[in-house]
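You will see two complexes here that share subunit A, one where it goes with subunit B and one where it goes with subunit C.
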Partner chain A sequence: MLRKTSPRAALIAATLLASVAMPAVADEASGTLNVAFTKELENIDSYFNSSREGVVMQRAVWDGLIYRNPETNEYVGNLATSWEWIDDTTLEFKLREGVTFHNGEPFNADDVVFTVNFVAKEENGVKTQRNVNWMESAEKVDDYTVRIKLKKKFPAAIEFLSGPVSMYPNEYYAEVGASGMGLKPVGTGPYRVTEVVPGQHFKLEANSAYHDSPKGQPEIANIDIRTIPDVNTQMAELFSGSLDLIWQVPADQAAKLGQMGQFTVANESTMRVGYLQMDSAGRSGDNPFTNKLVRQAVNHAINRQELVDALLQGSSKVVYTPCFPSQFGCVQDVTEYEFNPEKAKELLAEAGYPDGFETAFYAYRDRQYAEAISSYLNNVGIKTDFKMLQYSALRELNMDGKVPLSFQTWGSYSINDASAMVSQFFKHGSLDSTRDDEVRDWLDVADSSTNPDERIEYYSKALEKITDEAFWAPMFTYNTNYVFTDQVAYTPTPDEVLRFVDMTWN
Partner chain B sequence: MSNAPDPLLQEIQGPSPRQMLKTRALGHKGLLFGMAVVGLLVLVAILAPVLAPHDPYAQSLMNRMVPPVFMGGTWEHPLGTDHLGRDYLSRLIYGARVSLLIGAVAALISGVIGTAMGVAAGYFGGKVDAVVTFLINVRLAMPVVLVALAVVAILGGSLTVVICVLGLLLWDRFAVVMRASTLQVSRRDYVAAAQVIGASTPRILLTEIMPNIFNNLIVVITLEMAHAILLEAALSFLGLGVQPPTPSWGLMVSEGKNMMLFEPWLVLIPGAVLFVLVLAINLMGDGLRDVTSPEGRS
Partner chain C sequence: MLTFILKRLGLAVLVAITVSFISFSLLFLSGDPAAALAGETASGEDIEAIRRLYGFDRPMLVQYGEWLFSALRGDFGESYYFKLPVASLIADRLQVTMLLGLCGILFALLTAVPLGVAAAIRPNSIIDRLALFLSVAGQAMPSFWFGLILIVVLAIQLGWLPPSGASTWRHFVMPTIVLGYYAMPAIMRLTRAGMLDVLESDFIRTARAKGAGETRVLFKHALRNAIIPVVSLAAVQMGFMLGGSIVVESVFALHGAGFLAWESIARNDLPTVQALILVFSMFYIIFTFLADVLNAWLDPRMRSA
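Showing the complex of A and B:
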């Protein structure tokens, strides 16, 4: 074991030596926490990006009316102090008084009315319409009372208002618009943005006038975020001290970093679920996946436990539902398919493919997992023609119904409700590869009912049919690794959101 | 009377040109090394099913990234295993097939295209020459890697596509060299003699011109083979070449890249083999030029 680590130690030492020349500004004394983003954030304005990095910035710079405590999942007021349902489609909020935006503009009902009316309007082009298109409009009752009207019954409204819907300053936004907001963001959040180099570099400063928010008060004075796409570079900078925190570190590297003993490696599950999507509706032409036996064979061919143990590691879990277990309505009492390649071969033979068949197999991320999955499929006779595409390209092919089999993942935007995943994919939308009328009808009831028992009942019905018919092969949940120096104290939350406000110096 | 031997007599009694070629070849260390390494790798590629200790596709997720034997591993996997627990030595051996096949076939395709164009331009001259020269210029103006990337991105990566794209892109050097050599050779007396006795054009090209420019052709073939192998590795590294699970050295480098800091051998082993093969082919090509062309003799 000792012999095994010595060349590695040599390499790391070399890396350290090589970086002596770099300015090591990252430490507690300077009060700056240096963080790396792996992907470029195209626009910091949270309504005009759809990336995880965007969610991180949104939570730091802006506030919503409501806040969900990530540990207890309890909803508490943030920019609102209380709220009540006036009727099935109207919510009334009492707003917090004395809150100001980073530019000094006071927060009041006009800001809420402006923000809601702006984002709810489809032609304003908010990137993820699902986050906002359930709202009809907002109206001012008095300076600190506001009503939001919904298009129809939408029980997840509170969850969305505590998540992606954040409040913007009306006067400032009217003046500078989305592009101005992207370059010089202004919010009410615990951190204010002092410098933006789009896609590359963001500097944040603690908001000393932050209101008494359930998010807590920021302790770290400055946050410096740089985009560094390569994991090896990120790790080298972590060794040299010019980075204090990296996240989304692949499991193998995180394990090695943990062994070194100088860094804290924290692992948390995320809401992302990895699954195989099969074209059961036959949109890509006559294909074997329209046969239930073939879909069941695929489900039996995958060794989910081995994937989780060997590749995903950490707090990942095997799942059989097309949703994340903690989501409301994601009942776990469904048909499970154990790993059994012999049974898979029998099912294929019964379906009329004794020698298997050949199919295109698409993936857009985690090539390693996709390769392992394709190897399981090859093993039972399903020959895969592996194609790795960019997410946007695969999404387009998928919308055109040209994808017979693909490895997909969905993170539900960290929304803790089954509608964010099941209803996204099984209600005859452009990404629905199943198109089952019964499932859609059940989901319609479950999505719009305000009675929790009824919602559970209809989600169960839908999930039972989806798993019985093996429309998908859900496989595992994701996890993410946060690696930071011993100077930093941070406990990550299970929703894959990096919360700067929760970080402190040791 | 001087005691010096008659030079004419010495030339008649001395070794034949073929013997002299053999002596020169055996004395050329680079050529010998190159031929030995290439020969060995060709043999390994042909005998892959016999030599490989494991199935190169057999995945064993519980045995991922076992280090090679010289870094603390076991002889079960002499060069360790990759990120999916597949035997690295077996994948390396099967990868030799992919590299050599792509190198040989791509060089052959571009050789046929380039030689045909070059010889035609050199022998006929005039308008044919003008057209060929224009085509060569057009081809030289296109960056090979960019065009290959674009074509593979549109058609999708596969062994056949990569071979065809490279074959259709690498003919320029063949055309340039063959044109120049043919220009030289076609002014020789024996060509004029063949024309005078009424030999047909195909006959002149095949029996008078081709044998005399063949040496140059061999050298260009080796150069382009090495070029094609490197390009395949680059395309596969970028994810646009040979698709997994087919073992390809470029792909192996790309797959090991993320673990480079902690498991450098994942990148070093296929990188080193690729380096040795390309070096050997280039040494072989250089050697062949030195041995066959008059200018290279020293």
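Showing the complex of A and C:
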């Protein structure tokens, strides 16, 4: 996750940019779009990876029962043609007929039953359990009708079925398992995989027999994906014409590439939210953040707009909610704390800290953002002992309740439902630094009600209390840059998923 | 000689086991492997499930013993990250690294030794100054920077070579230069110093006095003696290149064993890191051993040692 951005990178980018003499030549004649990944994808089998690259491959190679239109957020059938709730915990699907997997195996109810029953079992080791552990099992009604049983009421089921839950071929998967699927993936999706060098190189080919899916038909014949860890090398490949598209490009580099005139730079927001987590429950021992006035002071101390304008740039926005604004239930009518350092000092004085105090402050990514936040806090008298840790190390400290203050981010796994964020952190789980019973009870209702109005009502209650009490200091949303040659036409979506099926040649 | 070799081999095994135990403990201390494995999107419950699944809740010594026992039978387990057998994963990545290391050390020797000899023949001449300049530049220039400069010039501006990748021999030209250049200065300075030293010694004067040709004096008499420390150094450099070409592999997107090790540490992929450390330490041991044998062949006095 950590990208290498440093003065070094900026310097090299400048050198690279100054050196460009050759026009970029796309591989359009042969119909191959060359793309770079930064991170080594561990396994294409989407149930056994937890990376953004994995989501990209999942959407290209497999299909879910349902599809969410990324622009309208409307749900339409994909491998299913219709669905209905039989009761609070049973969903019935009518399946699309005539769909075949890339290996020729026909798609029917057996595949759904097999996939659901396989992934729902904890011992099968699906990496992100939250994506699948709400399902109990599936049963076949007839060849093209299937029922999915839920463990308990779970209204976000439709969102999950349109996202991370995709359908696998039963006979093939039973035979090859996750490691076989990772090397020779087989799905129903718009692209079939022709070659895999684990972590390094993936070749895709348009599925000419793709069904009439709401994803649309693939236009670009071949996709060639190479893992190039260094962003500067990616840029060099782009200049020399051997890459057509790069993404997750740091803001400064993207701005310079945009000025060159031969590349399209598209900026889109992502679902990732950056926030300060404070130990209001006092898990790390007696600390100032157990005092509401101190938490409010922290909220007033930070100039969110300046962070967005100067550092994040692009489509990033200021947020005051502990969730992404487009998520269902993430109501925006909450207490907002304007930037007011004087008020912050007054609040600190009122709380009994007229001269401020000193606290440990942790972060795991985006050091420059964390340092800016640090200086805002210092400015009102909160002296920070700043510590930059690896993600897993910080997470461990956090789970043990040893972190008084930290800069954290959460991407909600691109799930467009508030439960994917608020409910992750405020329901007394190991990462909950608040432990408020009332909030937990409201979230329980909101997470499990099948009545949308009731869900909104209870998320509102929870979010109001969370912001009133200033449990967190939510700050901003992230954005990402996509850079591609002028031969490529593509409009990125706000969910940070690269969709090959939506790409065309100009 | 046989006892000598057996002793050395026994020592090598002990060193390898010690190294593997230390690295295992350090990895264990550095963080919760379950949290790292679960990834950024996982919940606390996901992590608990993984901890149980992989048995991370057991004592470290038990886990190390289990690893060692399997490793001794040649079973290095499955990579936590890639879900593939570690042995095949490493075998695959080592090909690139070994090819690169071999090319790099050859490049370094073929440029450094002639330059070092030339510099020693005419100390303080233009050639000596040039060699000095090259070696200072080589030591001072970070390899990622040199690599990117080469990409800018040779790949983008001139279009002679592909910027990154590993599919043809042309992809290896720039990485070889960068890696070799990094190892070159030390070899060259050592050759120069050794030659200067030897050229002033009595037996060289004797050789010249008895009428031996200058070429014969330089290469048969002088270089053979001056090269002995260079051989040891090159062996160590070779070991370093196999394990330490991380930056070069990253810049040129080569996906070799060095890069794999670096990434695996960040990913807490214990089985992969353990196996790689074992492989790298074996390389060091083998290369120093080979260097001793080679030195013994070059210098008969060393055979009795």
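Basically, the second predicted complex is superposed on the first by the 480 of 506 C-alpha atoms of A that agree within 3 Å, B and C clash if a C-alpha of one lies under 4 Å from a C-alpha of the other, contacts with A are read in each partner's own complex, and residues count from 1 in each chain.
The rule is short, and it goes like this: contacts are C-beta pairs under 8 Å (C-beta built on N, C-alpha and C of every residue); 3 or more make two chains touch, one makes a residue touch a chain.
From a predicted model like this one, the values you see are computed outputs, not experimental measurements.
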Task = Considering only the touch criterion stated at the top, classify A:Gly411 as touching first (subunit B), second (subunit C), both, or neither.
result = second
Touched partner set for A:Ala236, first subunit B, second subunit C, both or neither = both
Which of subunit B and subunit C A:Val403 touches, first, second, both or neither = neither
Query = Touching A:Leu307, do we find subunit B (first), subunit C (second), both, or neither?
reply = first
Inquiry  = Looking at A:Lys387, would you say it contacts subunit B, subunit C, both, or neither? Reply first, second, both or neither.
reply    = first
Task = Counting touched residues of subunit A, say whether subunit B or subunit C comes out ahead.
result = C
Ask   = Which of the two partners, first being subunit B and second being subunit C, lies in contact with A:Lys256: first, second, both, or neither?
value = first
Task = Identify the partner contact of A:Glu371: answer first if only subunit B is touched, second if only subunit C is, both if each is, neither if none is.
result = first
Key: Intersection of subunit A interface sets (partners subunit B, subunit C)   = 1, 8, 12, 15, 232, 236
Key: subunit B-touching residues of subunit A, taken from the complex the two chains share   = 1, 3-4, 7-8, 11-12, 15, 231-232, 235-236, 250, 252-253, 256, 303, 306-307, 309-311, 367-368, 371-372, 374-375, 378, 385-388
Request  = Could you pull out which subunit C residues touch subunit A in their complex?
outcome  = 30-32, 35-36, 38-47, 49, 53, 81-84, 89, 144-145, 148-149, 151-153, 155-157, 159, 162-165, 250-253, 255, 259, 263, 266, 268
Query = Can you list the subunit B residues touching subunit A in their complex?
reply = 57, 59, 61-62, 64-65, 67, 71-72, 83-85, 156, 239, 243-245, 255, 257-264
Inquiry  = Which residues of subunit A touch subunit C once you look at their complex with the stated criterion?
reply    = 1, 8, 12, 15-16, 19-22, 40, 42-43, 48, 50-51, 122-123, 125, 127-130, 178-179, 182, 198-200, 226-230, 232-233, 236-237, 239-240, 242, 390-393, 395-396, 399, 411, 413, 424, 429-431
